[in-house]
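We just call them A, B, C and D in the order they show up, numbering each chain from 1.
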Amino acid sequence: MEKEQYQQLEQQVTPKPPYLKNIVKAFFVGGIICTIGQAVSLFYMTFFNFTEQTAGNPTVATMVFFAMILTGLGLYKKIGQFGGAGSAVPVTGFGNAVISAAIEHKSEGYVLGVGGNLFKLAGSVVLFGVVSAFFVALIKYILVTLGVVSW
Amino acid sequence: MKKLQTVLLLLLSISIISGCTDKEKFIVYGSPQNEEELKAVLKEEDYVEKTTVIQHDDKMLVTVQIKPWDKWKKAKLEKKLQKKFDELYPDKEVFVSADYKIYYEANKVKKDGLEDEEISDKIKELKKLAKEEA
Amino acid sequence: MVIIFQTKPSILAGGVVAGPLEKRSTFSQYFDAISEDERWQMKTNEQGHRKMIQEACEIAMKKAGVKNLEVDFFLGGDLINQMTPTNFAARELAISFIGLFSACATSVSSVIIASLLTELGASNFSIAGASSQHNAVERQFRYPVNYGAQKPATAQWTVTAAGFALIGKHNDNLPSIEAATIGKVIDFGMDDPFHMGAAMAPAAFQTIQSHLEKRKQKFYNYDLILTGDLGQLGLKLLKGMFAESGVKQEELTLIRDAGTEFYGQDEAFQSGASGAGCSAAVFYSYIDQMMRAGRYKRVLLVATGALLSPLSYQQGETIPCTAHAIEITMK
Amino acid sequence: MMMSFVFAFIVGGIICVIGQLLMDVGNLTPAHTLSFLVVAGAVLDGMGLYEPLIHFAGAGATVPITSFGNALTHGAMAEAEKHGLVGVLSGMFEVTSSGISAAIVFGFIGALFFKPKGNVD
């Protein structure tokens, strides 16, 4: 059998991901995580001195804390298998990427293992977040200087 | 489908919890002399869902909750309202906030029955809180 | 390349040890020992991996009544970088050792070498086999164990198991290795590390085909042709390739796959089991015992291996694969 | 208040659906998907569109990873407005995303207390 012929066969046999099912699951899991986030920020606004503007930070930190517990107990990967992007896209997914790498590489020690591998999976998010922020701000600055837009 | 049931249950319980807080939608607390006028001014603005105004002396704190569908314009509406009040009460020190926290605290001022100087202090405090950056 | 063994070395004993999750395997009743702890009471997964290999080898030797001083060669491998678990186990076992790497096909390639050494007269007793430990393999090839990435239906679950066979001189009452095929490295351009079955199926196809051709045998001359860890989709593809080449449907039922059957049809494991420990555990427990009981007279064991590394696929390379086969007969 | 939960649910859900489409249809790995979304968040903020979304959906917009790009860009732009070109750079270092700090701290704590486990259910 030739390569091309085999690739055709492979296309036939391999099931397509269940798009609709995955989308519905991602929507619900992601939605629920964000709703919990909303409840957490309401909690911070009600009981602490945080405004809608400033409640974002403690909310995100709390969500990452939840992610740590779920990751450590081995539950987050099950949520991940079910929810797909629904659990990967919220900040809890970012937390899961960092925390799971930290737990995994503990066996190589805290300096070389945990320290060196903490951002093994999530590093790209930090990289592209910071770099894109830099360029977006730069472009905006240039546009403002040229008088095309205002801040 | 079990998951769907849980979601519906969650939404239902949230609605019950949050459903109890609505009572009076337009509240003015502190000096009552311009209460009706203020209410009329705020009712003019159709994007305002609920509002609580607390005032003492020349200080006035206007807290509003914007209707959900208009919320994305929050920053602009806040500014617009601030301008309107500045023009209406040029001799008063007015601060407008659409933040939930400030609204919540303003209601608490009424609930706790703060008086006179206490109100002024609270307004000053909340103004500072509202101006904090993320 | 097909090798025909004149002296027909025998499998004197098999030793299979598996992890706690493998209790759920359809083959678990045939395993010699199942650990309650996936790390074998050791500190790291890799140390547990080593302990598991040691235990499997010791069981194989004990069953045959052979001491490790009497064993001439230890041949084996695993999937971890530089095969440290097997190397370290060899240190503990103190047997002359060569590490072998054919990815998951090591379970068979090691037995081929052991048989050759036996045929040569260089070895009275050799231990050969392979192993894999889920956590250690996952973190190296894919993601940290606790990372919540969604696995597609094509993914396979790496087995925690070690399977070793004690190979010695021919014995009429024991399953014996009559012939073997050392496979070529085949690359059909598959590049998805979560779809290994599709990458490995062509290698299995080539090896089985050339084995049958050189041995002048047909499918129905075998009681069973058992592949290592193609998974449900890989097995489907392999059968599809044979169907295309004119093999009849009823003959295709002779092909089975250890990876497909390992965890039953449990959807939690997606396409099935994989890993060097999968084929080794099934070959040297279930098959060995079935042959001793006379259920099978002639089987072809085909272990498939995907020769990739995380580095190679991140650099955009396709996944080359190999398959090695041994023909085992019972009088 | 009720509506804020509904909008958080819907907007958060939609952002996750975009991620799922990138993974399933676009065939991206989770790391590629998240990187893409972070950049999208930064660009949306540059166009002044992310802040309204946060006002509208609250946690529905701050919890998804897109908000990380938004927070960084926001900080950089605020500094640039104040200090000009230098601000673009210094802004980058001034803003800290609580998501990163939290992930680092909890990652360390997690490593102290947990071990990797290969269970399926």
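Note that in this section a contact is a pair of C-beta atoms (placed from the backbone, for glycine too) under 8 Å apart; a residue touches a chain by one contact, two chains touch by 3 or more.
Just so it is clear, the structure is predicted and the values come from calculations on it, not from any experiment.
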- Query: What chain lies closest to the overall centre, CA atoms only?
  - Reply: A
- Query: Centre-to-centre on C-alpha atoms, which chain is most distant from subunit A?
  - Reply: C
- Note on the structure: If you tally C-beta contacts across B-D and across A-C, the winner is A-C
- Item | Chain centre separation (subunit B, subunit C; CA means) in Å | 70
- Interchain centroid distance [CA atoms averaged], subunit B/subunit D, Å: 29
- Express in whole angstrom the distance between the two chain centres, defined as the mean CA positions of subunit A and subunit C. 37
- When the centre of a chain is set as the mean of its C-alpha atoms, what distance in Å lies between subunit A and subunit B? 34
- For subunit B, write out the residues touching at least two other chains, lowest number first. 14, 133-134
- Could you check subunit D for residues that touch two or more other chains and list them? 1, 4-5, 9, 23, 30, 55, 71, 114, 116-117, 119, 121
- Return the residues of subunit A touching two or more other chains; collapse runs of consecutive numbers into ranges. 17, 22, 28, 32, 35, 39, 42, 52, 56-57, 71-72, 74, 78, 83-85, 88, 93, 97, 99-101, 103-105, 121
- Have a look at which chains touch which and call the overall pattern line, ring, star, complete or other. other
- Can you list every touching chain pair? A-B, A-C, A-D, B-D, C-D
- Note on the structure: The subunit D residues in contact with subunit B across the complex are 1-7, 9, 51-53, 55-56, 71, 74, 78
- Over in the complex, which subunit A residues touch subunit C? Could you list them? 1, 3, 5-7, 9-10, 13-15, 17, 22, 71-72, 74, 76-81, 83-85, 87-88, 93, 96-97, 99-101, 103-105, 107, 120-121
- Interfacial residue positions of subunit A with respect to subunit B in the complex: 28, 32, 35, 39, 42, 45-46, 49-57
- Which subunit C residues qualify as touching subunit D in the complex? 19, 21, 38, 45, 134-135, 138-139, 144-146, 149-150, 157, 160, 268-269
- Query: Across the complex, what residues on subunit B touch subunit D?
  - Reply: 11, 14-15, 18-19, 21, 68, 71-75, 133-134
